[in-house]
Amino acid sequence: MKIRGSQTKRWVIGIVAGAVASTLAIAPSQAIPVRSEVGVSATEIVLGMQLPQTGAASPGYKKVDDAMRAYFDYVNSKGGVNGRKIKLVVKDDVYKAGLTISTASTLINKDKVFAMVGSVGTQTHISIIKDINRRGIPDLFVNSGYSGFYIDPKKYPTSFAALGTYVVESKIEADFLKKNYAAELAAGKVGILYQTDDFGRNVVAGFKQQGVIFPAANTQKFVAGSQGLGLTAQVQALQKAGVTLVVIGAVASATAITIGTAAKLGFAPKWLVTSVGSDATTFKTILASQGQSAAAAAFLLTGVISASHAPSPGEDTDEFVVAFKKINTEFNTGAADDKVWDNNVLQGMNIGYLTTAALMGAGKDLTRKGLIAFMEGKGATLSSAALSPLSYSSKTHEAYNSFWIGAYDANSVLKPIGGTRVLNTTDSADGPITVSTYKRPAIAADALPKVG
Amino acid sequence: MSELLKVEGLSVTFGGLKALNNVDIQLHKNEVLGLIGPNGAGKTTLFNAISGLVPPSTGKFSLEGKNSPWPKTHQLANLGIARTLQGVGLFSGLTALENVMVGAEAHASKGFLADLFGTSGKSEAKLKARAHKALAWAGATAFADKLPSQLTYPDSKRVALARALVLEPKILLLDEPAAGLGHDEIEKLANLISQLKEFYSIIVVEHNVEFVNKISDRVYVLNFGEVISSGPFEKVRQDSAVMAAYLGTSIAADAKLGTGN
Amino acid sequence: MDKGKKIWRKNLIKSLTLGVFLFLLSFTFEPYNQGQLALVLMLFIGVLSLTVLTGASGQISLGQGALMAVGGYASASLITNLGASIWVGFLVAVSATAIFGLILGTAAARVSGPYLAGTTLVIALALPSVANRFESVLGGDVGLIVDFGTPPAWISNLIEVGYEQWQLWVALPVALTALFFTSNLMASRAGRSWQAVRDDEIGAAVSGIPVARTKVIVFVVSSAIAGLGGALYGLRGLVGPSVYPVSLSLTLLTAAILGGVGSIAGAFIGTLIVVFLPDLIDWAISGLAISEQFSNYLPSLLTGVLLLATIIINPAGVMGAGHRRKH
Amino acid sequence: MKNLMVSDLVTDYGHVRALDGVSFIANAGEITTVIGANGAGKSTLLRTISGLEKAKSGTISWGDLEITNLAPEAIVRLGVAHVPEGHAVIPTFSVLENIEMGALFRRRKNSTDVKVAISEVLDLFPRLAERIKQSAGSLSGGERQMLAISRALVSRPELLLLDEPSLGLAPLVVEQIIQSINQLCRSTGLTVLLVEQNANTALAVADHGVLLALGKVVSDQPAAKMRADSALRSAYLGY
Amino acid sequence: MNTFISTLITGTANGAIFALAALGLVIVWRGAGVVNFAQMGQAMFTTYIASNLINSGESYWLAFIVALISGSLLGMIIDLLIMRPLAHKKSSSSTKTLAATIPVIASLGILAILQALAGIFWAGEERGFPTPVNSFYFKNGAGTLPFSAFNLFVIGVVLIVLLLLTYFFTQTGVGLGMRAAALNPEVARLSGIKVSRMRTLSWAISGAAGSLAGLLITPSTNLSPNTLDLILIIAFTAAVVGGLDSPLGAVIGGLILGIGIALVTTYGSPENVFLAILFLLFAVQLIKPNGILGGKQVRRG
């Protein structure tokens, strides 16, 4: 046909033109550029981070990046690390893995980051971890408690955790239950509500490892993200089962719905909430926007048991809390809501602190290999606001291995149960639980890490 | 003379309404059959029943003396029955030529894999040649590469006719071929149909009675879903039942009186 | 005058031309744009599946992303559980999705228009539940980690290949295969009969086309193409529910509409638009004092506006349906 | 008194020229019938007058007003009611609702007036009054036709466009409906434009006849004369 | 308390809300021939508006009224700006076959825009949403009754809305006109009914119904740009189960879905909820394509 004939002709012309253009263009790109480490110049270190800044998974977490940047800005105001200013490029992935892959590509190829720091989320991080590791890009202080990322450094040599793993935390919580609620456990009066994802399943696994197995009638679950259908049925079932203590393995918003729903049902068991779900700010924000008064929300949180590896953000006497709070006030340029001091801000500050320490430790001649070597070799010697030591080594890239158990007081501050803080230590495998003897080094007067 | 197509005792009901009641139709070889009747008499329903678009409640269908179950619409083509549609029914996204090629596909060797691997070029070329021939028959060669939306109504009717002709069917069912055509065009169409008669047997549903008179060997007159008269047009026209159906009772009586005088 | 005797030759030339062009072009690209181009090719396959389904047969699916997921899971579970090569994964993805499409199409042949749209949307939303239900095979919420791997030795010995470039090199032959076969089908009886059914079911039936069966075939073909695209898309790093969200289906639909439903060239152009629009916006607003919150959502806002504008101003899209026949 | 005047009206129906320069006058207070074979353009004529189809050229005047190509809902408000072909009622509505529908736009003006109008049409078709609560779908063909006419009449039109009321109905029922219309026209001065294929029945009651063939007026004369006109039979049966 | 009864009551309260959302879909489908996939996106948007008002100290009831009014305004705007031009646009021959799907695509475009706007205005942040009445379950001595004042409020409000809508559609002239315009636009126009105005009205009513559903469901689901997608799917399924043409069917479908989901969650596994919805949708379409109360006419589209 005439039309198609002419179209074929156009294609042929296209081919030739394209080929010519391309061969011309190939020449310069074949020249090998003088290589220096990506993302590092004499004056700057570019770091990348991705997290859900918006969307359903964003509550709480969206504050972490602002806090990190505030700390880096503070460091920069003091001259940076070895004369280099730290620049943090942040991408919002809305907690959709498809998008994470694209934003990671942008960070790596367009923004040319030296390393990734503090990325948030398990499902999203899974989608890029292999690629980041293959490229040898340091993937420091990942905000995910999923042990699969860290326990086998041969698999993911560049990824390091920022949190204790879900399994470690759950094992320590299970141990706490066995010691303090033995009667309830024996009577089958302890139940669990968890979300059916890696996080929820890891929580169940941690308890199981310690021999705490929940009877079927006391076990309720929901599909992560589908709390949109309400959790009334699950809470009612727990109420009917007559449990007096409920473990919640869910994110903060679902935890808030659960405890709020239970209150409405007149169901008031003891709650044990994993640290992920016990974010006091998110908890109170959600209950408050449900129309609960601040007092009522605080009341619901009072007495809830949780675990932490760090001081509570409400501990006004803790030297790290005091120092970080001051930096937050002076340097945080995030939105008004995102600046409000809480555990998310504390976590962000802490990652900023650790990142600075690692960059210092990697030395003046900053390379990716050097940074990872430092993390594996000396990472465990770094100190931070956390009350737990770090476990980085060539055998594991887990971070904190110790947790203390506390309960929220009327001011929504997590306070050690029994008044004295006891840190328990274990690993993500079958290791025993022991009491930690770690003493956190003090923070320097200028609130900068001292390495080497 | 053997019947090519025979429909016996055909009834069609819609809900409680009897659209066709015990209709018998025979079509002989190389014959043009006219199907006429006032609005709502059931002409198109009869076509639709023959072409499997509406299910008959009773009735027998036989082709070349052989009884067969009522065909499904897409089987018509294989049985050698082609039909045009009242609303023309061309495929708006395809050119006139491609429209006709679709009609010819029943004759083409089928093969999804050949299509997939692009090796159906030869049969494509054959289809194209056949389609061009059919377009030529229908006098539509000039607009082979046009889309239906670019055609005038009479031209698109030619393409629709070509799409039916390309099947080289035994039986051609033409649904209101003259509707919407001008005087000259109707003249040309009548000529074409008398040429086609050499090769095909044709049933025409049409409300232009003059046209039907010109082309048909025999006509069937339907009213209220029943055949009220049949035979050569001249004879049927004098039938008082036909006059009553068309003109109303008393005027039919007047007319009869008139012829009587 | 081309007698059209060798459909495959014409389409092969067309596909290879595009392939060679993109291949050579990729050398001039930075890794970022190589990656983006690879993404275009992956999504292009998905859009092609809609071109077949919506463009050729008039059926609409909001679950094309879910079909891609079927392909992704089929190939990924084979790769992770049995250590199969990605090339085997593609074949299995196509077959598995074709079977799935057969089941879906048989059911879907009974519904059309908004019913089909709604039903396919429910399928897309139910995907995470299915992944959870069969956690041991499908990896639950987390999904299955797969990737393009590294180029074989005979290539990497020859030339240094970046990861993005390797993505592109894998995506290119796969996309071209899809392009080649789709072009063949659309240029021959199969495509013609699909369009006939789309335009006038009764007209198609009296022309001897079995309408119901044809609709199912279209579904199978479309699903198989989507499956291939899904397997490829999964190789970016992960096959999991959050890789194939409902928004992926909507992206495909947007690309198909923007480019012009039913046009293969339009599918490519539409995909280029949806992939590069965010970059374009980034570039356009850089230097403007716009809040991050606003700039984050600007691409999806503009995509929505573009979609509405297209269907209001010119529903035939950039290329216009049936453009190749316009005189 | 208003006459309906149609001049040089051209309307395309899809691709087909359905009306090709139609001109005639329907006198006030009379029944004018438009007859012709299938496809002559009779229905298109009514649909163009009532605004359902757009005229390509030509004018339609209703009294002093030109109503060409106004929206149907506006034309109804000017006192022109159209009963389309095929017993156009809404089957899931009750008989009363179908009738009320026709008076909706008048309701705000005077609701007692509407009640009176409804009772008037029910007087005209007492069979509908008996079935007032029944759904329209349960009515016989003839009753549905009566209902469709009632729906139009309740808007108190001055001109009634009636399209093939006899379609598919038994002769006796047709007779009854035509007579009701005749009676109404004579008693109230309603102007009626009656489209019929059943020429005799229509001409029997009409004052004036317009014969259409292939979109053109072939004869326009008093009904009594037309009955004897040979053009009539030729248009229908091809003499 | 009895598990079965409490499940039933929870299911009924949720089902009443689903019914409302499904009813909104049915009204626009009947009135304008569009399945509006943006409906719960509109509801999400207006609920955010209400939430903002409440957070800034206004009373719940003011926010409630504002949400309903903005819901109906949003519906009207969508019709006037997008759907009406689309309907009036002469479909060119090449897109004629896409005519039925174009409104669907348009509604998806609207959904995308609304969700993007929610991101721009409210950062897509997840929020709770208050209830106007106490949502604590009633106490009976030591035990707890299986319902709260809010449950009663929801069921009551939905009942009142249903009664009002029934009255509106069957007893008022405008309602009659809307039904007529939906069922037979041509006869309606010949009766002097302004059909396009009736369509706009159905968009407005549907928008308000959707908004109300949003206000009532978000206290138990929280509010984020995507939470209500789920409700759309459930409402769509409810409407198809009941018959897209039947308002009563929508209500029954909503209740079936509400109670069904509660039963699956309690006695089955919450992981199966979606699969159950999908199964129900397929089963109805295969066995009774026009729904439980759907008309006999061949489905459009």
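Labels for the chains are A, B, C, D and E, by order of writing; each one numbers its residues from 1.
FYI, contacts are C-beta pairs under 8 Å (C-beta built on N, C-alpha and C of every residue); 3 or more make two chains touch, one makes a residue touch a chain.
Chain by chain, the UniProt names read as follows: A, B, C, D, E = Unannotated protein.
The shown structure was predicted, so the numbers you read here are calculated from the model rather than taken from an experiment.
Participant: Going only through chains that touch each other, how many steps at minimum separate chain A (Unannotated protein) from chain D (Unannotated protein)?
Facilitator: Minimum number of steps from chain A (Unannotated protein) to chain D (Unannotated protein): 2.
Participant: What is the chain whose Cα centre is as far as it gets from that of chain D (Unannotated protein)?
Facilitator: Result for the farthest chain: A.
Participant: More contacting C-beta pairs: C-E or B-D?
Facilitator: Pair with more contacting C-beta pairs, B-D versus C-E: C-E.
Participant: Distance-wise, how many Å sit between the C-alpha centres of chain B (Unannotated protein) and chain E (Unannotated protein), to the nearest whole number?
Facilitator: For chain B (Unannotated protein) versus chain E (Unannotated protein), the centre distance works out to 48 Å.
Participant: If you average the CA atoms of chain D (Unannotated protein) and of chain E (Unannotated protein), how far apart do the two points sit, in angstrom?
Facilitator: For chain D (Unannotated protein) versus chain E (Unannotated protein), the centre distance works out to 42 Å.
Participant: When the centre of a chain is set as the mean of its C-alpha atoms, what distance in Å lies between chain C (Unannotated protein) and chain D (Unannotated protein)?
Facilitator: 55
Participant: Can you compute the centre-to-centre distance for chain B (Unannotated protein) and chain C (Unannotated protein), using the mean CA position of each chain? Integer Å is fine.
Facilitator: About 43 Å separates the centre of chain B (Unannotated protein) from that of chain C (Unannotated protein).
Participant: Among all residues of chain B (Unannotated protein), which ones touch two or more of the remaining chains?
Facilitator: Counting only residues that touch two or more other chains, chain B (Unannotated protein) contributes 92-93, 145, 147.
Participant: Where in chain E (Unannotated protein) do residues touch at least two different other chains?
Facilitator: 92, 94, 96-97, 119, 123-124, 230, 271, 273-274
Participant: Which residues belonging to chain D (Unannotated protein) are in contact with no fewer than two other chains?
Facilitator: none
Participant: For chain C (Unannotated protein), which residues count as touching chain A (Unannotated protein) in their complex?
Facilitator: Chain C (Unannotated protein) reaches chain A (Unannotated protein) through residues 1-2, 4, 10, 13-14, 17, 20-21, 24-25, 27-28, 30-32, 35-36, 39, 128-129, 132, 140-143, 145, 147, 150, 163-164, 236-238, 240, 242-245, 247-248, 292-293, 296-297, 324-325, 327.
Participant: Okay, in this complex, where on chain B (Unannotated protein) does chain D (Unannotated protein) touch?
Facilitator: Going through chain B (Unannotated protein), the ones touching chain D (Unannotated protein) are 38-40, 152-153, 156, 176, 179-180, 207-210, 212-213, 224, 237, 242-243, 246-252, 254-255.
Participant: Mind listing the chain D (Unannotated protein) positions that touch chain B (Unannotated protein) in their complex?
Facilitator: Contacts found on chain D (Unannotated protein): 14-17, 37-39, 164, 167-168, 171, 197-204, 214, 227-228, 232-233, 236-239.
Participant: Could you pull out which chain B (Unannotated protein) residues touch chain C (Unannotated protein) in their complex?
Facilitator: Answer in residue numbers: 51-53, 73-78, 82-83, 85, 89-95, 98-99, 101-103, 105-106, 108, 110, 112, 114-125, 127-128, 145-147, 150, 163, 167.
Participant: Under the definition above, what is the set of chain E (Unannotated protein) residues touching chain D (Unannotated protein) in their complex?
Facilitator: 173, 176-177, 179-180, 183-184, 186-195, 295
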